[in-house]
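So the structure is just underneath, and the comments pick up after that.
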Amino acid sequence: MLSTFGESHGTAIGGIIDGCPAGLKIDFTFIQNELDKRKPGQSKITTQRKESDSVEFLSGILNGISTGTPIGFIIKNENQKESDYSHLEETFRPGHADFTYLQKYGLKHTAGGGRASARETACRVVAGAVAKLFLKHYKITVSAFVQSVKNIEADKNWMEKKNSLIESNKEKNLVRCPDARAAKKMQELIEQTKKNGNTVGGVISCKIENIPAGIGEPVFDKLQAELAKAMLSINAAKGFEYGLGFDSTKIYGSEMNDVFISDKNKSIKTLSNNSGGILGGISNGMPVTFNVAFKPVSTIMQDQNSVDKNGKQIVLKGKGRHDPCVLPRAVPIVEAMAALVVADLLLRNRSSKL
Amino acid sequence: MLSTFGESHGTAIGGIIDGCPAGLKIDFTFIQNELDKRKPGQSKITTQRKESDSVEFLSGILNGISTGTPIGFIIKNENQKESDYSHLEETFRPGHADFTYLQKYGLKHTAGGGRASARETACRVVAGAVAKLFLKHYKITVSAFVQSVKNIEADKNWMEKKNSLIESNKEKNLVRCPDARAAKKMQELIEQTKKNGNTVGGVISCKIENIPAGIGEPVFDKLQAELAKAMLSINAAKGFEYGLGFDSTKIYGSEMNDVFISDKNKSIKTLSNNSGGILGGISNGMPVTFNVAFKPVSTIMQDQNSVDKNGKQIVLKGKGRHDPCVLPRAVPIVEAMAALVVADLLLRNRSSKL
Amino acid sequence: MLSTFGESHGTAIGGIIDGCPAGLKIDFTFIQNELDKRKPGQSKITTQRKESDSVEFLSGILNGISTGTPIGFIIKNENQKESDYSHLEETFRPGHADFTYLQKYGLKHTAGGGRASARETACRVVAGAVAKLFLKHYKITVSAFVQSVKNIEADKNWMEKKNSLIESNKEKNLVRCPDARAAKKMQELIEQTKKNGNTVGGVISCKIENIPAGIGEPVFDKLQAELAKAMLSINAAKGFEYGLGFDSTKIYGSEMNDVFISDKNKSIKTLSNNSGGILGGISNGMPVTFNVAFKPVSTIMQDQNSVDKNGKQIVLKGKGRHDPCVLPRAVPIVEAMAALVVADLLLRNRSSKL
Amino acid sequence: MLSTFGESHGTAIGGIIDGCPAGLKIDFTFIQNELDKRKPGQSKITTQRKESDSVEFLSGILNGISTGTPIGFIIKNENQKESDYSHLEETFRPGHADFTYLQKYGLKHTAGGGRASARETACRVVAGAVAKLFLKHYKITVSAFVQSVKNIEADKNWMEKKNSLIESNKEKNLVRCPDARAAKKMQELIEQTKKNGNTVGGVISCKIENIPAGIGEPVFDKLQAELAKAMLSINAAKGFEYGLGFDSTKIYGSEMNDVFISDKNKSIKTLSNNSGGILGGISNGMPVTFNVAFKPVSTIMQDQNSVDKNGKQIVLKGKGRHDPCVLPRAVPIVEAMAALVVADLLLRNRSSKL
C-alpha cells in the first residue's frame, strides 16, 4: 500500500510504502533506473525541464533488506522557478485542475499544478519499483510499451511476445515502442507536434507475465477493477480496457470464449487469451493484458481562450517547458501502478485458503 | 458503502448499506422498480429464468426514514434447480470463473456460478437505488443506456441530451436504447443471435447530470478512478472510458482542451465537454460522461471444447436458460454503481474544507 | 472482518463475515451453543425476556465448508413488544443512548435501544464462533470468565490455569466464574440486587492460549490496541487492561520486566507474564491476558429523575425485563471479540515475511 | 488520518497527515512547542539524550494555510550513537520488542528499538498538534496531566477543573502534574528512582472539553473504542478506562447513572459525569474523561538475566541514557492521540445527517 504527499513546487515529494514483507533485498540501482525512465529532460521529445529525481530512503530498510515496517522516502524538488507560473495565478488553464481544486478546497493551490502535477507520479514509480522487486520472487514481470501515438500504431502482435523481448526492443528508441518502424514515425510526429506548439496522446499497452492463477478478489476488488482504478488515477489517462476490451463488443460469444486446454505439463491453459488472463475477477494463469488511453497533454504552446476567477474572458499565452507527448514517460508509471496492484492482491491472496 | 453476500443458488443474497445519512426518505416502490429493471425474465430478449427479486429491508429504516445506522437487506432466491447445473460439476466452462475460483480457494464452488454469478448485482441495484434517492436531494441524476450492440450503434448525440429525455425514450423499448431506430435493429439482432444459440455484447453509455464541481479526490481516488473500478467490477465489463476516452488519443491537445467560459449567470462552464466533466480527478460542474464495454455473455447454447478437473478434453453441451445479450439488464447496474460512487465521494467531500 | 446490522426491534439482525479463508469446517452446533451462552432468558439471574436466537446462514458455506466468499447470516427477532417501551418515547433514560443518538442523527431511534441495544452483540458471537473454529486449527483457545461482581472477587490465580480447566469450571454455575466459592456469593448478590430493582457490574478476565509469537502490528494496530478497541466497543464496557495493567503503575521496572528463559525444548519463554503476552504490540508466545470492566447496566427498576425532549423534568418509572448483572452474558461476547481480533491479525501476519 | 514511518536510528522519521480540511491556519510555533514537550533531554528527570526534534513540513501547506492535500513532514534524527547499542545485538532485553520483532519479521531490527522505539511518537505529536489547531475552531481543547506516579497520587478533583487551569498549573513543574504538592513528591521519587537505576510508571488523566454531543460511531467505532485503541497503541501503555472506569464495577446502577437535567440555557446536561461524557459510544456534550496506565519503562540501569538468540543464558548490563519515568513526556502524546481521534470522528460525523 502506497501513500504519497507533495506538490510540484514544494521542498520535496515523498511517500510511505506500507506492507512490504520483511526480507526483500532492495536493489537501489534498479529503483533509481526506474525513476530515470520517468524523469523530465531525459530526451529531446520530453520536456526540457531538468530534475535529477534522486530518491532518498529514510526507513524500513536495514543493510539493504526490507524490515517489514513502513518504507518512507523523499525526492527533493529542484529547479523550481516560481516565476514561470506567475502569469497563471488568476486564470483557469483549459484541461487543467486549477478550476476544480478551487471549487473543492475553496482556495487556489500553488501555480504549476501543485498536487495535480504529474510530478507526484515519481513516488508511484519508486513504490512500483519496490513492488517489482517483490514480484521478481514469483518470477512475475510487468512490461508496458507505447502501442500508439495519435494515429500511428505499433504492430498488434507485440502483446503476444515475451516481456524480455518487449523490454529489449522498447528501450532502443526514445518513444518506448518495441516496434522500430512505428517508433520512428511516432518520434517524427512528436517532434513535428512540438514544433507546432501542440501535443498528442496515444495508447500504452501492458502485459503481466507469469502471474499465477488465483490472484484477484471475486466481487468489488476484481483484478481488472483494481487495475482500472490504478490506471485511471494516472494523470491524463482517459480509458482502460483488458483482454479484447472494447473490441470484444464487436464479436459473438462463440468467438470470444477462450477454450481450455491441458498442455503437455498437464497444466490447464486457454488456447486464445481474449479474456486478458482474468476470469471472474481472478487471474487464470495466462498473461494479464490491458491498454490505457492517454489524452494529449493539456499544456500547449498556443494561445487559448479562457476566463479568470471573476469570469472575465482572457487569452492565455502558451509558455514554459512541457511534454509534447506524455506517453514515453508514462510507460514506467503504468508499470509501477500495475506492479503495486498485483503485489497487493498477491499478499491479500495469502488469506484465501486455510 | 456497500458490502454484499450471497450466491446464485443459496437461500438468499443480501447486503449492508453503511453510511447512509439519517433523515433520507426511503421510497420502497422506487427501489423495487429499479430492481425490476435488472430482474431475469422481464422480456423475451432476456433469460427466461424467473425470479421475483423482491427486496426485504431488515434494519436502518424507521417509519420510512433512514436512521443513519446500517441498512441490512436480503433478496430471497427462488426457483433454484440444482439439476440444471449438475452436468457442469466436473468441467470448466469457457469464459466462466469455475477454473479461477478453484485455483484461488482450493475448492469448487457451487454450480451455476456461485458468487461469480451476476445474480449478486441485484444487491448493487438495491444499494444504488438508495444512493439515487440520496442524490435526488442534490438534484443529481444518473442515466445509462445502450449505446451499441455488436456493430449496431445508437446516434452519438444522445449523450448530450437531458437525462429526463434519455429516460423517457430508453424505456420505450426492450433494449433500453433511447434511439428508436437503432433499438429496433438491436432487438432484431439479439433475437436472431438467441436463435443461433449465440450471444452478443455492446457498449453502455452513462451520464451523471447536475453533479456539482468539486467531487472526487485528487490522486488515487479520482472520480474517474472510482468509476472505473466500479464499472470493471461488474460481470462481463471489459473496458471503461470517460469523456472522449480512447478517441482522445486521435486528436491534438488544441482540439481536446475544453475552453472555459462564463455563462449568463456568471457561472463558469466549458464550451465543449471532451473532458467528460472531470479535471484532475475532480468534477468541474459539467455532466460526467462515460462508456462501459460489455463482452458477449460466456454461456452459449452451442457445443464447446473444454477440459475437466483432470485436464481430460471434453465437449460441453449448451443447456439452460441464459441471456443472449446482457446489456438491457446491465443498464440499471451501471447506474447503480455510478450512483454509489458519486454518493460516497459527495459525502467524503464534506470534509474538504474547514 | 465483521460488519453487522440490525436493531433490537426490527425484523432481524445479521451480519457479514468477510475474509474467512476457504476450507474451514463450519460446526453449526458449536456456533449455536456459543450463541446460547449469550441469549436472554437462559437463567434466573439474567433478563426473563425470551429470544430463541437461532442463526441462519445464507451464504459462503457449501456442504459445511467455508468457500472463502462472504458469510452472510441473520438472527430473527422474536417477541417484540413495542408497548413495553412506549412510555419511553419522549424521554431520555439515564445511562442510555437515547439522547446521544438524537443529537447525532437528528431523530429519535426506535424505542428499546434500537441500534444501541446489546442485542447487536449476538452477531458478534456468531462471527466470533467462526473465528474460534479458525483459531482451533492453530490450537489457539480463548477463555473469558467473571473475575469480579461488585466487590466480590474470584481467586486471582485462575488466570494462570489452563483454559480447559477454566472452561469446565466456569460452566458449572450461572455466573460463569470458575471459582465456585466466589460464584456462589456473586449469584446471591445478583439475586439480592435484582430484588432491589438495582444492577451491578464487575470485571471479566480473558486469556488467549497457544497464540504463537509474532501476532500484532508494530505501531497503531498493536495487538493490545486492537483488543482494547474491540472490548471498549462492547456495551457497558468502561475499561481495559492487559498483563498487570493498572497494577503495573505501582511497581518498579525491575519488578515489572519478565525475564527471558530458554525452556527444555530450547523454546524461548518468560519466567513471569506481567507483560500479558505482548511486547511492542506483538505476541511473544506467552498467554495473552486482559481484563475488561463492565459498569452496572443502566436500566434499573427504580424511579429516576430525567428530562424529556423539551427539557421538562420528569420521573422515569422502572419497568420491563432486564438484566440485574450483564456479566454472565458478556463472557461469550468478550471471547468472540477477542477471537475476531486474533483471527484478523493472524491472517494479516501472513504477509509479514517474504 | 496519520501514517508514520521511521526508526530511532535511521536518517529521519516522518509522516503523512491525510484528510486535514483546506483553509486551516497552521501555527508552526505552536506545533514546535508541542513537540518540545515530548523531546528528550528537556529536564533533569528525563533522559539526557539530546535531540532538537525540529519538524520540517514538506507539503500540503501554502502560505501558512492547509491546502486540503496530504501534509508530509519529517524530523531528522541527530546524535545517533550506534555504539551505544552494539552490546545488545545478540540478546533479548526484558520488556522490549527485540524478541517479538524477530519472531514476526524473521530478522532482527536495528539496535536501540528501531520501529519499536518511542521516538516514533514524535510524529504523533506533530499530527496531534495539527488536529488541536483544527479542534480550536470548535473551541474543543484536550488536556492531559500526570495523575499518579507509582503510589503518589494527585488530588482526584483536577479532572473536574477547567482545562485552562490544568494547563497553567501542570507546566509549573517538571512532572506535568497540576497538583503542586503531589508534583513535588513525584519529582523526588523519580530522582531517587533514577539514582537507583530503576524506573517507575503511573497514570495519565485526560479531559476533552467542549466536545459537542453527537461525536462517535454507534457500534464498532465508538468514541471510547477509538480512544482506547489510540491510547493502547502508545508505548508502555497497559490500560485505559473512561468516566468512572474500573471503579464503576464497585457501585450500583442507581449510583452510576447520571441524571439528565436542563440547565438555565435550556441545554440538556447531566448532573454527574460518571459516564465520562459518552453514552452508547457517542459524546453527550459533557467533558470526555479518561485515564491511561503506563508501566515503568523497561530499560533499567541494573543487571538483568536474559537469553541470547541461541537461548544461552546471559546477563545484561544496564547502560545508556534513558527515562526513569516516561510520564512527563507521555502527556503530550496522550493529548495528541486524543486530538487525532476526536478530529477524525468529528469529520466523519459530517455525514451523519442528510
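Observations on the model:
All chains are identified by letter, namely A, B, C and D, in their written order; residue positions are counted from 1 within each chain.
Simple rule for what comes next: contacts are C-beta pairs under 8 Å (C-beta built on N, C-alpha and C of every residue); 3 or more make two chains touch, one makes a residue touch a chain.
Everything quoted here is computed from the prediction, not taken from an experiment.
For the self-contact between subunit A and subunit B, the two sides draw on mostly identical residue numbers; the shared fraction is above half.
The most distant chain from subunit D is B, comparing centres defined as mean Cα coordinates.
Taking the mean of the C-alpha atoms as each chain's centre, subunit A and subunit C sit 47 Å apart. Centre-to-centre, using mean CA coordinates, subunit A is 26 Å away from subunit B.
Inter-chain centre distance (subunit A to subunit D, centres taken as mean C-alpha positions): 40 Å.
Those residues of subunit C in touch with two or more other chains are numbered 4, 22-23, 68-69, 104-106, 115, 218, 352-353.
Note for the complex: subunit D touches subunit C at residues 4, 92, 94-97, 99-101, 103-106, 115-116, 120, 148, 150-151, 193, 198-203, 212-216, 218-222, 224-233, 235, 237-246, 248-254, 256-262, 266, 268, 270, 275-276, 278-285, 293-300, 302, 304-307, 311-313, 349, 352-353. Within the complex, the subunit C residues that touch subunit A are 19, 21-24, 68-69, 134, 137, 218, 347, 350-354. Within the complex formed with subunit A, the subunit D residues making contact are 3-7, 10-16, 18, 22-23, 56, 58-60, 62, 65, 67-72, 74, 104-107, 109-110, 114-115.
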